[in-house]
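In the part that follows, the structures are each spelled out as structure tokens.
Look for subunit A in each of the two complexes below; its partner is subunit B in the first and subunit C in the second.
Moving on to the complex of A and B:
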């Protein structure tokens, strides 16, 4: 009787342990199958060279293998099973996992006719990004790149001119170098982004622009995905998407959740709110190489004329974080007090600065003139919420100090083209995070260099920090760069906001987006608990 | 027999009763007897007055932000609450009437003028002119109005002026087609043939004899086009292709309010209701005008 009791207890414990265990690395899934539907507000063609877009990378990082993935801030192996770094930090030797196959059953590799992914594919993919100067390859990596070579089929060697301290940056580093097959690039040409082919845990099935992208499980992956299918549903109408999320029509909202909804979802026990953990800034850029923006006093006036913190708090709700700079609180390079020092609301100061440089209302019509003509500044912005509200706020702030601001709101493509052309005016900007973001934005050939943001001292500080493996020194260099950016550019800041995504709790073993999306790794295998759905 | 003849004094009651009434007099009488038409006129008049005296009626500056007072529910201070930038929504609604009515009347007037001229030319001259104009009309009619307008705004660039231009470009085809059909039948009538026989010039025939006969139906069409233009403009602004922030326009107010639908539904309801009431008022007037000006529909 006693033995029987022990046996029953052991059996119960075993059953409980098995039912509570997360999906294991060997591919065991508590529940197999099902479709994971991800809602996003925008989506671009999935070419890793051109898709400088976080939500699109959610798909790319599941279709393509990367050398490594980032989990909880740490690099873990993917296509590279392991890697060695030389003592001086300039040579990376990647040991490629054997048996990784390109997806088959497509125009390039018919069913059963695929081939193994090799170190030569890694070299091809790195050079494809490096040779294309407009690709999204991180600036630090591009500046330090010397060569990439395959010493054999399973060993790729990346040589840099100096150590790259941010090669693992989750927002910009080598995590954005997806490994592609040369045959697929040559076969599809410019249409590769519409027919992506990789060796990751999910295979591409279909893409209906502005509608949805469908992926199915890659059964040849070294871990069996628990999910059968992943669907990215493009939902530009965010309020409608929030309703769909609550109704279970989408399982995870992977884009920015509006502030008002974050508060509501935090109170919903069926939902989990996930913080990206890297506050991003909303700020203004301007054509600093053209008058009157080339006068620091005018830049300063633009910064002080608006109540940035109040505007950001009103538009971002509970996701608002006070501050300025590229790095937010908790991120390397963050400088406390930057907002109060450079961007505090002081319309009187703004007006006196404009008076000082001759931007005055000489004809008494209530609007200021510059060099005898009405100064009407175009403010460029993209057209999705809440960007137009920032424009409206700036128009009103300008009116309070007699500065006429003309809204120029367009689709993201047109808006981007204006920045590249360096059109005269002010630009709304948001995003960028962490060290990689600071480098990519303000560094040499940075994202806004077309507007005249060129300062050798900032470039030098960022170059030094990108190669400095000493964390304390790197932090000091990043802070120095951030402070100089504020002091010389006075880039008008509104503040930061936290990016929150929201998932239904029946999605299990999911650890968030973190800019790229890892649904299947050695430690995680996302599954859907259909009983809870 | 002579005894039975009664001479009627001019201006006497009986004389007035049996005196032939002019077409406009009968139409006017018919129009004012239509209750819905009167309701439509009153509503439209109120809207026009609100638009003209917006500065005096609106309690706040519609563009003035107040970040200490964002997303407020309706109250005595803010009748329909405040938006995400703390602006008074009622004041924005009042100013919105100005934009919507200007768009409605201007687009309708310009497109009707273009449509009448091209339709009359097409119907009267026929031949190559008719063929070219009507093929353009046919091609344009193959697309839904809004889709074509969206495409044109995409080419011109989103702004209030470009939106009006796009709407004019797509709306003129309706009066053009209507007028052409009427002119085709009118040009064969005896009085036109007679005018030609008497040596009247083509300009005289078109402007003195044809257009006055087309006018009543064109007026009816124009009144419906006002409603159509207001609705299309609101749709385009809702999509971000029309009036740009911070302009107080009903369509863009609706678009802005959608994010606040759950917490402040009145922000969506108010501009939606304003659009509906304005369009309905125009349609009531249009219906009544049609009944009054078309003898076959007269009760």
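Moving on to the complex of A and C:
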């Protein structure tokens, strides 16, 4: 009986010991060391005030601590262990993690002479962005900002004039605010982006423009990183990058993977294809304040005359996602069934709508005229793949219904200038994934406002949603805005495409990037299985 | 000679001024906005945000004001800041210039080591299978697109054989040399065919001249006639071609730099043009102009060593 008791006790102790055994995320790694090489197509200096660029933020979010990180679309603690939000959503109280130290062994903090990161650093970082008018601080946050103050060393309070519902949104809100040290900013001045210093899991080692950025593990981080080193390698040629990925010269391709390669990698058992989680729409804009685009029936005709779904599927391959709107499936504001309701392929309907408004082929030459003149519509697009193919598909679709569309393909700069000048025609558009995207594109002073997209009801719905902390209500407001955009503008949609990144399978415990690149968190600690490499 | 070199350097000043003025004006003539382009790939900015940033960067100032500011700063040794990276343009250029020079010089060396002997042997063995093989090789070199050739080399030596790295630069001397092989071989292909053909035709032309026939008639050894008397004269057009192409390669290596992820000033210039990063474009053109002038000067000096009859006026 006594022996049995001892055995049971030993068993219980063993079970407890095993259950409490630290996982990789607690700093105990199945394999320690190694270099994680990330391929990206471009990279900018790493100042969080100016680096408006996803892949650059991948490095920033590993060098610098953030108040919070985005994981599976949700904010999780980082420098802020936890935070409270006042009932009216205007006061955020951030509780700062104790014992977080600035990287040392550099010009600012010599080895062993670092100091703790405090709430005062958080306040400094927020004001640094707010005071710099050329910083990338989002307008939503800037407009609502009242103050930031440190009530003690470990508590920072952010006060807004109204609730900010997109404060956690990728590429909007506070996701830009990486925490920097005042001493580092003062020491490096404008060159801080070339010598970033933070308190994140990896320390900056070197930056060679257009070549690479090297980071090494921060041994003082509250979790020991499994990796020794992270390298961001700049590879502007995507086909060459795909070869490098297969050859193992890069371990993860962190930028957009072309559809054909996604299909190929899906069949490769040594690779994992990772969904970025924010489907990107491809659609058309047009000069809605000018004839004949100002007639909703013509916009409707343009939408129905092309088989958008088939075109998108052909051009995007396995990355194609059927749908319409700005927010794709899984993103706040997505409306299911929008494509079938507003953009389905119906050339007969398109022709009858054009006949109805007097856009007809009166001289029998096969092309339709408007007010007695041949209607030849320029279609503007940038010149990188697959944009010109969308234009070609539209030219072809137009020809099927007797509408002459003239391709006007130029480099992105020229194309943007045409839109800013409000040149008459159709524009190919792409991007603006996420909730913040809907707001910045269709909202007040939105990106396409120069083409006449001005509708107070849409503005109002988006303004309300941006300040509504009730998720259900906000979702309803966003969906209402999305539906109204479709109903009044009929912005011809082709569908969405998923952004896929690809990793080699010897990279473990890695789930891809979502603006913040989480290599070392409470839940994940990326490591390399050298035996599988 | 010193006086000549000094005069040439002084002449650079108005030339450089003209180049910067023309570039500054021309790049602003192209439609497009740097802030829009900088943000359009990642950030979702409203027109209000874009205008705020433009204002802060001085891009809303009239063009003459921007140019005067640029010139004033340039005279003080400040090339200004890149709109895209917000870092000093001089830093952006100096970070890449050595890499471009290493790549270009290595390619030129490869060309001289392989193309020159090949062209000369081809001329000396005119009409034989060696000549045919050499000219076929030269034709392939001229007609094969460099980016395609680069990808093929990458597939064969990087992916399938795993002998060489596909991208990037190695950090140790050995790694660096290994990483330099594929891009420099690819870049040298552009010139290899051309120089082989020029070397052959130039050598053939010299071999047919009277003084070469006289040397043979006097009973001089074939090797001595070919290499001591004919080759130096054949080198003049080759040098002209190589120096002319050298300047072109400095900026024209952009495709190779892009494929192999090799940082270089050509890629910087092209990205800056597409990004409407005005000061980067103007200053890289300025650096190109200075280098072209310097290479031409060095070529002129080399002429005098190859052919002592050439003297500076």
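Rule of thumb we're sticking to: the second predicted complex is superposed on the first by the 331 of 533 C-alpha atoms of A that agree within 3 Å, B and C clash if a C-alpha of one lies under 4 Å from a C-alpha of the other, contacts with A are read in each partner's own complex, and residues count from 1 in each chain.
Definition applied: a contact is a pair of C-beta atoms (placed from the backbone, for glycine too) under 8 Å apart; a residue touches a chain by one contact, two chains touch by 3 or more.
For clarity, every value in this text was computed on a predicted model and none was experimentally measured.
Within the superposed three-chain model, A:53 lies in touch with subunit C and out of touch with subunit B [touch as defined at top]. In the superposition on chain A, contact of A:190 is made with subunit C only, not with subunit B. Once the two complexes are overlaid on the shared chain, A:237 sits against subunit B and subunit C alike. Legend: residue contacts after superposition of the two complexes on their common chain; A:44 is shown touching subunit C, with no touch to subunit B. In the superposed model, C is the one of subunit B and subunit C that contacts more residues of subunit A. In the superposed model, A:437 lies in contact with subunit C only, and not with subunit B.
By the touch criterion stated above, A:205 is placed in contact with neither subunit B nor subunit C. After overlaying the two complexes on the shared chain, residue contacts for A:360 are found with neither subunit B nor subunit C. Comparing the two complexes, residues 237, 239 of subunit A contact subunit B in one case and subunit C in the other. Interface of subunit A with subunit C (complex): residues 39, 42, 44-45, 47, 50, 52-54, 132-134, 136, 138-139, 171-172, 190-191, 193-194, 208-212, 233-237, 239-241, 243-244, 246-247, 249-250, 411-414, 416-418, 420-421, 431-432, 434, 436-437, 439-441, 443-447, 449-450. Looking at the complex, you find that subunit B touches subunit A at residues 63-65, 67-68, 70, 84-86, 157-158, 240, 244-246, 256, 258-263. Note for the complex: subunit A touches subunit B at residues 237-239, 258, 260, 264, 307, 310-311, 313-315, 383, 385-386, 388-389, 391-393, 395-397, 399, 407, 409-410. Contacts from subunit C toward subunit A in the complex involve residues 30-33, 36-49, 52-53, 55-57, 81, 84-88, 91-92, 95-96, 99, 147, 150-151, 154-155, 158-159, 162, 165-169, 257-264, 267-268, 271, 274-276.
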